[in-house]
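In the two complexes below, subunit A is the common chain; its partner is subunit B in one and subunit C in the other.
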Partner chain A sequence: MFRQILFTQFRWTRTLLLLMAVFTFVVPTLSWNLGGNVFAAGLAPIAVMNGFSTVGPMLVLGAWTLGFLLVALPWGADSQSRHVYALSLPIPWSQYVAMRFGAGAITLLVPTLALWLGSWLVVAMIDMPPTLRAYPGLLALRFFLGTLLAYALSFLLQYLAGRRAAVVLLVLLVAVFGLGMGLSLANQHELLVRITLWFIDWPGPFSVFASEWRLIDV
Partner chain B sequence: MSDAIKIRNLAWRAGRDFAIRDLAMTVPTGAIYGFLGPNGSGKTTTIRLMLGMQQASDGSIEVLGHSVPRQAHKALARIGYVPERLHLYQGLTVEESVRYHRAFFPTFDATEAERLRKRFGLREDALVAKLSKGEAGKLMMLLALSQRAELLVLDEPTDGLDPVIRREVLSALVEYVDGAKATVFISSHLVHEQERICDWIGVMDGGRLIAELPMQEFRSGIKRLRVHKAPVSRDATPFALLSRETPTQHLEEWVVRGWQPEMQEWFARVGAEVRDVQDLDLEESFVELLRGSRVATTTETR
Partner chain C sequence: MCESRATLPRRVAVGVLCIGLLGGSSRLTAQDSLLPARASAAALRAELDRAEREADSLKERVDALASEKEALFTGRFEAGGRTVRFIPGDLTDADRRIIEEGLTRAEASLRARYGDDLAPFRDPVVWSARSLGPNNPRGTFLSAHRRSNAYWGPRDFNMTQPTVELVEAIALDQAGRNLVDRAPRISEFTRSTLVLNDGRRRFARAGREMALSYASAGRECVAGSPAACRAVLTLPGADGGLSLYFSPADYRSVVTSGELPPTADSAQFAARRRCLAGSDTACVTAVAALSRVPNPFSGTLRSTAVEVALELGGRDAPTRLVTTRDGSALQILATVAGVTEDSLVRAWQQRVRTAMDAESPDAGRDGVTVAAWSLLILFGATRRKP
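This part shows the complex of A and B:
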């Protein structure tokens, strides 16, 4: 049963997964190019470090886009028939939704592995000084967790709000923006900072996206 | 014998325009139950409620002994369902669709699916999105029949199909029912199609079940009478008067339900005479039944 759900998930999202895998595989190399003149600098770790200040946010953006589309595409396939097929299967709706979620989460491994492989290749070509260390596995894990978080939020929103998901998302964004504006206007800057930090500081729900995403660090 | 489907006091509402009110329905096990009704009468909604896809606001539904919607998934494991529109995933091929469907239904017979695929002339590698309406209908029927289900729920399964494909699909259905002794609940507005295969009839109109009876009774119980010197009052007739018209000055045409020959005596008592009794075919009976029901509803609401 789950194998078939996984199969359909892969079938609907394979182009997206392939594009994202190419993107995440290329990103570490790109960082090296963006971080300095590759021909002049040779295989310098500093070029990769500099480059990641540019490609790091690209990875974050990629994680959100991937997370969102991995929900939207299967939802679209199911909603073509107003979910009649899914509802006519002899399993509880909650089980179907759980399997859909699990299948999507598994496919996240494809771009994650591509990122790990791309990072590992770049690191393998760098002559690393003893003061620096490369973290290809941790970068890939961070990407996976970030994508998983984006995917889970999109999934929750889509499956709870259904066809009204876009409206609910807009209302949420307006509410967050309104809260921020309200606190600013009321000179409650400290409270605003505390709330923001609660979200982005460890172990806040969005802490995986906070601070720079680096392949090489001390 | 137990009932395959038992619905009592069912209520459901969609906005201000449409509601299902106090619906009671019984489908005996082993019956081929034709669910007739004009477009928009509530047939599809009733089916969705019956399968637990929508929630009723009141009433009870029992399908194959399972309470719906609470145990809908248990009932669905024993039901082959063909919805009115294609519900399969468009991006899969015929073979992938069969494989996907098979994974969910433990009683699915892959050999039978392959036999039906060949019989229906469906290519394994054809994309569902590229199938014609007839081919899509055949694929949905293939999946439902291959489940070896105890109950088949078919919502307008032949609507929009050409006569050749319709015949093919219906003969596969009849063969299956003969072999498996399954119950069939088939919704349609194609009256003649129902006449050929059904042994029970339920008629739905405006969210109400206006008749439920064995086909034989339905076929023989509705008559057109030519009445000479018809009484003005319509009270206390021993039959249900569905409609009355006056084509000539002294002769009225009455369409009645529940007619028996001995009821001629009633006309004699009120000083009238039945000149002719005509059998109506199923389509005429259906139309007259709807007309009668609508007249009654209009009178009630005044």
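This part shows the complex of A and C:
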């Protein structure tokens, strides 16, 4: 049954996965072309690192986009049939949801592998200073983890809020923004910093995004 | 033009211009213009005198206000071998307790490492604590002032969120500064910096700085060359470290960060341009024309070598650091450590590399976190049926 769910997941999201795979494959090369020209003038190793400085932000953006869309597309297909297929299966709803989640998580490997290959390709093309090292595997793993987290959060929102997911998301965003503004205006900077750090410091849920997403490092 | 009414700077400029014009004109014109110019100069002088008197009066007022402010610091408390002054009613009890504990911890940390003789670390400064103001009544400035502000003003440490750890770090930072300030060669070597906390991270940052440096000495040191490490720990000579730190392959970077003299001629600018365009031979010329080559290594990086010397030297090391005056910085540090210069360099290099290995990127922790959060989220998502 899981194979069937995986198959439908893949079929419903194949265009998105293909586009994201192309995106992650070209991100390292694109980043190098945007920022790596300085190295041609023979600058220091830090110039090589700076050349890839846009890799991290681009991949974080890609991870959130992919995570959200990868939930929305299958949910849309399921909800069109009012979840009749899912509810008619001889398994509990929770098991179906877990399998749907697992299937989506497995498809995240496609853009991750594309990123890994694209990173290797660009690293092979440049003359690396001896004190620097390339971390294509680590970057791909971070991307996978970031995408998985974004996917999980979108999944939670979609499967709890159902058709009202967009409204709930909007309310959540407004609430977060309002809380931040309120605490700032009330001069509660310390509390605001503590709350933020709880989310982004390890083991906070967003700590993976606070890590260094670098292809090249010492 | 020479008789026009204008603002003071304009009148000075006009006066100078008039004098120049008068000097260059014919005798007849000079005689015609001499009297008005003299009158203008006298008026200018009177105005300057008046401005000077006003400035003196303002300075006196500022001094009086500063004295009034100083007189408000009537509160005193002792902690960690220091006296901290404060304005009664300004410092909250909670912040006072934090400062006391932080200073006490810093002293205990120094005592554990260097024994009871902490004289070389003691402050020649007065510490004061005051509130950040009405916008942040919890925040506190902890300042270290020289008794006389003759050559060094106060250092303010902004503690928006005062914590014991922060006060301890500030006190240790100040203690390190006090120590190197008493040893002129070492002060020059580290640019008055010696941080005595957060050890491993600082060594890892030193390694990172060398690995990313545009000076080949730094990169080769990280790659394992003791000779390159020795060069990193040597202060540059008259050529700004050109032969010490850099290889010809680094010259393009040196030209990018170095400065041409103000009197540089067109040939020197042309050499610089050709160098940046890719000509290696032009880089040799351009480097020779530089008036200043910035030191590629920071004082913080070199201060890690002082820390290694203090560790190797044991409890009397701070005293030896202050009392040893002869030789280069590296020789002094070897004396402090009680080992040869080569051994000291190797020990420092080893510490840097170990710290770098310990700080190398690792996603294992992130993996565990994301897996745990994802499972928790999945559990939440299965709670509701459509």
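By our rule, the second predicted complex is superposed on the first by the 202 of 218 C-alpha atoms of A that agree within 3 Å, B and C clash if a C-alpha of one lies under 4 Å from a C-alpha of the other, contacts with A are read in each partner's own complex, and residues count from 1 in each chain.
The rule we apply is simple: a residue touches a chain if its C-beta (ideal position, glycine included) is under 8 Å from a C-beta of that chain, and two chains touch if they have at least 3 such contacts.
Just so it is clear, the model here is predicted, and its values are computed rather than measured.
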{"item": "Side-by-side fit of subunit B and subunit C on subunit A, or clash", "value": "fit"}
{"item": "Touching partner for A:Pro90 - first (subunit B), second (subunit C), both, neither", "value": "first"}
{"item": "Touched partner set for A:Phe199, first subunit B, second subunit C, both or neither", "value": "neither"}
{"item": "Chain touching more of subunit A, residue-wise (subunit B, subunit C)", "value": "C"}
{"item": "Touched partner set for A:Arg3, first subunit B, second subunit C, both or neither", "value": "first"}
{"item": "Partner chain in contact with A:Phe177 - subunit B first, subunit C second, else both or neither", "value": "neither"}
{"item": "Contacts of A:Gln80 with subunit B and subunit C, given as first, second, both or neither", "value": "first"}
{"item": "Least Cα gap, in Å, left between subunit B and subunit C after the two complexes are fitted on chain A", "value": "9"}
{"item": "Common interface positions of subunit A, toward subunit B and toward subunit C", "value": "87"}
{"item": "Partner subunit B, residues of subunit A touching it in the complex", "value": "1, 3-4, 7-8, 11-12, 77, 80-81, 84-85, 87-92"}
{"item": "Residue numbers on subunit C that touch subunit A, as the complex places them", "value": "135-136, 138, 160-161, 207-208, 210-214, 219, 222-223, 249-250, 252-253, 256, 276, 278, 356, 361-363, 365-370, 372-374, 377-378, 380-386"}
{"item": "Contact set on subunit B toward subunit A in their complex", "value": "51-53, 73-74, 76-77, 81, 83, 85-92, 96, 99-100, 103-105"}
{"item": "Touch list for subunit A against partner subunit C, complex", "value": "41-46, 49, 79, 82-83, 87, 93-94, 97-98, 101, 105, 129-132, 135, 138, 141-142, 145-146, 148-149, 152-153, 155-156, 159-160, 162, 187, 189-190, 193, 202-205, 207-208, 211-212, 214, 217-218"}
